[in-house]
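This report refers to the structure that appears directly beneath it.
Order of writing sets the labels: A, B, C, D, E, F, G and H. Residues in every chain begin at 1.
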């Protein structure tokens, strides 16, 4: 129930057109029944221009296609993550302006231009094998209206490469560090940069990497402060939070 | 080597008072030898008024006492975390103005007043058993100069209590959510609040809680976006990053 | 040895046609030899109309086909779980009235109508990716003669959707909560509903989800009381127990 | 806001004593501000006579004493779980009628008599080492007003002992099976009894028992249907749910 | 129901003193009610001279004392495992002839002499730190009437020591190999000796030993055939099975 | 160096044809250089008629074929385990009398008849999904010359089926229990049968079964004595040890 | 910035051709900006003739091809590890002299001959299934200019085979031990050989091998000193370190 | 059997005083019976001056005292690791010149001076909490005759401190890196230093550190080559291998 409906209802009570009893019964439903929609409305207003996000990972091609088809009618920006190329081909049939980032596995539909921030998010990654996560984070951050700088292949095995890019990293408002294997890059940057850092462990590695667990534990136990972590390979989540911070 | 020393050296080269060879040998040391100290200086300037932080957890009473004794000569604010009451008693002997937070296990020495932020950090906790982590985060955030609001005992088993405090949480610039057991509070707040959220899983629980791993996994796998996580029971780390974000 | 045989034997003892010694020797075998069959008989009587259940997961197509072929001669209801479409195609050849639920991966043969309960089981699920488990639980509960209400896509990331359906959930006699990722939905419902809740963690998620372990631990460590848990993705098991409770 | 206040407010709107605008502003707060209290009230009414439950495990002696002192003024039944003897001694000072179950580590204050059910809960345990969990479940079930039968020391290593007590177990409305080590008892009972079974793995064992994980996994993977599980050593949780089921 | 009672009953049926119906009702209870005791009797007869075994680990001193007190009246051999010295002191008060093995933590009461086997069990251990498990196995095997040879401190770090004792090991009918750390001894002996080997991983070690898990996994994955494994530190279990094999 | 060569050498020393120094140098090599072959010889004599065993699991089709081709020249019995059907087809080309057990994935070449034992090994399995492990154990035990009884589908969910076969199990000299899911069957049989039991956990199951770990932990923590365990799905290893015991 | 450039710059300062200010600004960049390149140069000089190494595992065929194409222009030796045959086919198109080791999955381009060491690395492996790791280590060690001896199939199940090759192992300067299953070979060799040993656990095995974790834990917990470990299946890493040691 | 005994025996064969048959029977025992002692002798000669090492961790005070007492008669250097202060006090009673390193928990008896190497081992540690492991490694390396440089408190959170000491680290022949928490220091040094590096993960940390597992996984998965790892907290093992390498 939005504000106007509420005013209307009360005016009708005042004028006697609606009985107190009937009004009571309607208003009693408020806490549960309508809070939901009110909540949605508030959110929608807050988020004007925000993309709708679809996690395609656990869905069938048909489901993904259907959701895009429906959303495309709403004229909003759409971000699909973990999308296969097959999904994209089907989505294109119902949404001609959809674009696919093959490495980042994202489908983007851009219908509204968002104002881009002046401050930027630095996305720093250890190696080229981390690129899928980098691209997912990049597409997310861009579509949410952020200026973004990508700094890739600066792993600690050749730490001089990192130092060469340090000024660019230091200039960011918030830093996303993406690293697999032992994930030491997050700690090293955390010791050099005085900005909030969001670590994304990746599943790059083998043996005792355990699909990214080694990098995750490394980041959670970092001796550097100012570092928090998202789920393994979760480039979207890191970019989502980084966008929140970048826009403060 | 600071800028002035460098200018002096070059002037001496120019005037011939220092030979090129000798200058080369001095400058060759620069990248490694002096970067360290330069770095320290820069950091110190950036961090004027920032507390020095001592993790007392892995140290002996004698070590903790010695570090406080040394630092107390520098007239800076000091924060000791994971400090036992025995440690505090010894620290008091060399640092009379040290204060102890028994629940948060922190020792605080406050010698310089920091300007407090207008925006605030919300520290939200599920239950009273999470208080040690809450207090550690609180003392940290306060000493770093942040306005802080504590909202405790709003776990999801009685979700109405959470809704009663929701406006206060929504008003924060950044939210720390502290929860043990299944850690669901972080997801629920993540679904209700459009602010960066830092989750702190706590070791509160038993059996398959595995010392906080259940809550950690819960937060890492949250279906809510905008949520990142620090190590189990790491109230200090969460407050440190929250302070960075709150001051943006 | 059924009751009649026992009576017969004793009558023969009484009449002297069977010697005490021979009767002793026959009766000595009772505990092991015959208990089995007696047990089966009792069970069969108790379970009139209950479907026979076949877990197809670990079996070959030939084995599944063979079991259905044999059971179909007994004119009872049959439920096959974790069945592939290939299995279904073969089963159809020997059992024409078999029906397949593609999402729930169940094969159902319905030959006897069971009386449906008046009270209902609520099957609540967090997201559309949990549908395979929802459908397995649904088919199971229906075939066991329960009235069922499905409430899907009410995950805690948008908690208002849950509140909109809360009355329907509260009206159930027993609630099945199906959730992957962090599984927080079970705790939230547990805090709102005063009914026995059976949690089913699902393997929906990635990274530190560990194939459903994150959701499982979350549910086992729930701060809400009145919640018990079955194995990951075990929609059948949850529905089986819910049916037992619903029929009390 | 209760119904009467709402009616009053609307009457005042109708009569013009309260302006529509002011009423709108008051009612806008409803969904969050008051839902909580309404919820509490509803719950309290539903739960007349239910004990208040305090998990003492993660609390200090002072905290436990304080909570009992406060609750004792409300004249309700109180159940404290995981309470040490030291806690009890302090609680006795503020609550003279508190009683302590040394094995089950429970403190019980009984001020209101609840009507006892006719149907009973069977609490079945494998060995004497499981007694702490048995007693916690027993005290919980009793205080919630259930008739309870305890059947202890019927582990599968001597399965005949189980068969001797089988009729008593079969007569229950719901069965709690408590077992450590390999937890096989739950599967065996699940294969013999057609009632809802709640398994409680216990931390009894050593080596690869991993503090109860072996028994937990055993129960979660049981080949018997109709079995769900609570956290390791969680006698309270099992009894809470069993009570819900027993009272259906 | 023992044989005599059964004969009596049948005689009474024959004579008409007991009606068939009443006999049916009594005999119907047989499979469950009496099988237990019958079973116990059978077992006792089979096991004449076998010690009664009490796992003291999970029990209180009072419980252990009580059980010994009761059993001591039955004039059988008793073996208590995982017994503390405090337990032993109490047991002595009710059972004067109890003897304590301080290293093996066993209490032994020997009242009946068992005939000792001619073939022997070889108990082989890697290091002196494994002695508690060695002694537990030794006391168990001896009390069950086996000839035993102990071969200690033959770990693979100095493999020549093993070769020096190889003939003694090869002469055994069954071999128990007790090893902590990496547990390689079991594989090495498995490659040299053509006898059934029972491996006992011990919790000796630190770091990634994980309380014996490293040794357990090592033994389970042994490239040598003819090797099976019991739980970590389970000297009793190994000796129990070895005794069974030695007496074949 | 075999006995004859040693005698020859010593004769030559005696006759003076070989100098003491040269003999010393040859004999000094003995411990390492020749022990190996001696060992092999000893083993071969001990094992007359024993099959050569090839674990095909980690090998390429070419490797498997090559090994069979070589061994087939030696006219001994051969057992290949974990062999795919493709492997078998290739092996047939070089070894016409090879036979394949499709369920047990074994290739058997039988060239020498072994005398079959009078005592038998009981192979007991919980469900039909455990058949691959049953068949591997069966083929192994048979080829090693044992009489074998298979008792399948006697899982604890229908414990009466087990009791019906109990006499057959009790009559064995050694029992192999094969079970997946929660593996409770091993404990139950351990409580009923006074024979050495070798447990084989299988990877049958899903979710928290963790590929057989649940069953493994269950068996390692069994409350029944006289039970030892081999690696998950290791039917060969269990049969190998059982054969050793059966032939004692 | 290399030494000559630095001398040039200072000469220009001395001569007045470059202003002190400009020199300051250039030199200020040194610590970060140029250290990297200096570092690279130093490394390159140190490593003359060292192969460039490409981990192909996490890369697409296109990426691998591109990197080889670029590097091939630099006329250096190249080692690609974890390369599929498909990758090799593409690499061949841009790099005709590339050679593929099918078992070791390496691509080698050899353009410069390195001087081979006199001392040798012994690569010892337990079984033929470990060959892929053996070959990866072998190719690596060879291309880095080491003399290498391979000793394969000397697992502890037939320890005499190991003794036969012991002298060759003892003669090495450093030993690589490659073993899967329980990895006991490393401990045994560690007890017999007084040389630094690098253990490589392999993922060969099944069940509780957990993809090499059993062997890893075994090696980490070895009772033999002088043994360190690299990641599971990491033949390259072991050979890299062994090469470092062999060249000391 | 030593060389002289062998010559004697052969002389007696030659002279006819010992029959060929008797000599054969004596020599047949050689491989096993005497190899052990021969082996010990060889080892002793090879290791002149090497300390005897006693792992005190798993032993009782009495056992440790006894071993020292016995060894002290042999006039060799002795190293006891993981020794408590209580152990040391007892050892002093039988070995007056024993010295205790309280932080490193080592007991050292130095009776023979070893020649110290010219090259040195660098022991690098992240923080002061790692000192116990540093000191254990230091005492070990010193007693084995190595020159050692300790570089402590150079963790990556303040990477400039590391760069200041880099030349000293680069000058070593082999580097031991000791680090807890996330263990990133090993990777960073591995990227900067071209020497064999032995990583020692320490149990310093909390929460998801899991007693050093986080640091261990980090080191095993290091993106830097030339790094191998020993068990958590195993300062002794690292120094033992480093000593082997340093003396090459």
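In the analysis below, contacts are C-beta pairs under 8 Å (C-beta built on N, C-alpha and C of every residue); 3 or more make two chains touch, one makes a residue touch a chain.
Quick caveat: nothing in here was measured; it's all calculated off a predicted structure.
Asks: Where each step is a move between two chains that touch, what is the least number of such steps from subunit C to subunit H?
Replies: 2
Asks: Work out which chains are contact partners of both subunit C and subunit E.
Replies: Common contact partners of subunit C and subunit E, which must touch each of the two, are D, F.
Asks: In degrees and to the nearest 5, what turn takes the CA positions of subunit E onto those of subunit H?
Replies: Best-fit rotation on C-alpha atoms: 90 degrees.
Asks: Once you find the CA centre of subunit B and the CA centre of subunit E, what distance in Å lies between them?
Replies: Roughly 55 Å separates the two chain centres.
Asks: So what's the Cα centroid distance for subunit A and subunit D, whole Å?
Replies: 40
Asks: Which integer distance in Å separates the CA centroid of subunit D from that of subunit F?
Replies: Subunit D and subunit F have C-alpha centres separated by 51 Å.
Asks: Can you pull out the residues of subunit G that are in contact with at least two other chains?
Replies: 31, 35, 38, 127, 158, 205, 207-209, 213, 216, 220-221, 225, 231
Asks: Applying that definition of touch, give me each pair of chains that meets it.
Replies: A-B, A-C, A-D, A-G, A-H, B-C, B-D, B-G, B-H, C-D, C-E, C-F, D-E, D-F, E-F, E-G, E-H, F-G, F-H, G-H
Asks: Note which residues of subunit F are touching subunit D in the complex, please.
Replies: It comes out as residues 126-127, 155-159, 181-184, 187-188, 190-192, 205, 207-210, 213-215, 217-225.
Asks: Would you mind writing out the residues of subunit H in touch with subunit E in their complex?
Replies: Contacts found on subunit H: 31-33, 35-40, 55, 57-59, 63, 82, 203, 211-213, 216, 231-234.
Asks: For subunit B, which residues count as touching subunit D in their complex?
Replies: Against subunit D, the touching part of subunit B is residues 127-129, 160-161, 163-164, 166-167, 180, 204, 206-209.
Asks: For the complex, give me every residue of subunit D touching subunit A.
Replies: 3, 6-7, 10-11, 13-14, 16, 20, 23-24, 27-28, 30-32, 34-35, 38
Asks: Can you list the residues on subunit H that touch subunit G in the complex?
Replies: Residues 43, 46-47, 53, 173, 194-198, 216, 220-221, 225-231, 236-238, 240-241, 244-245, 248.
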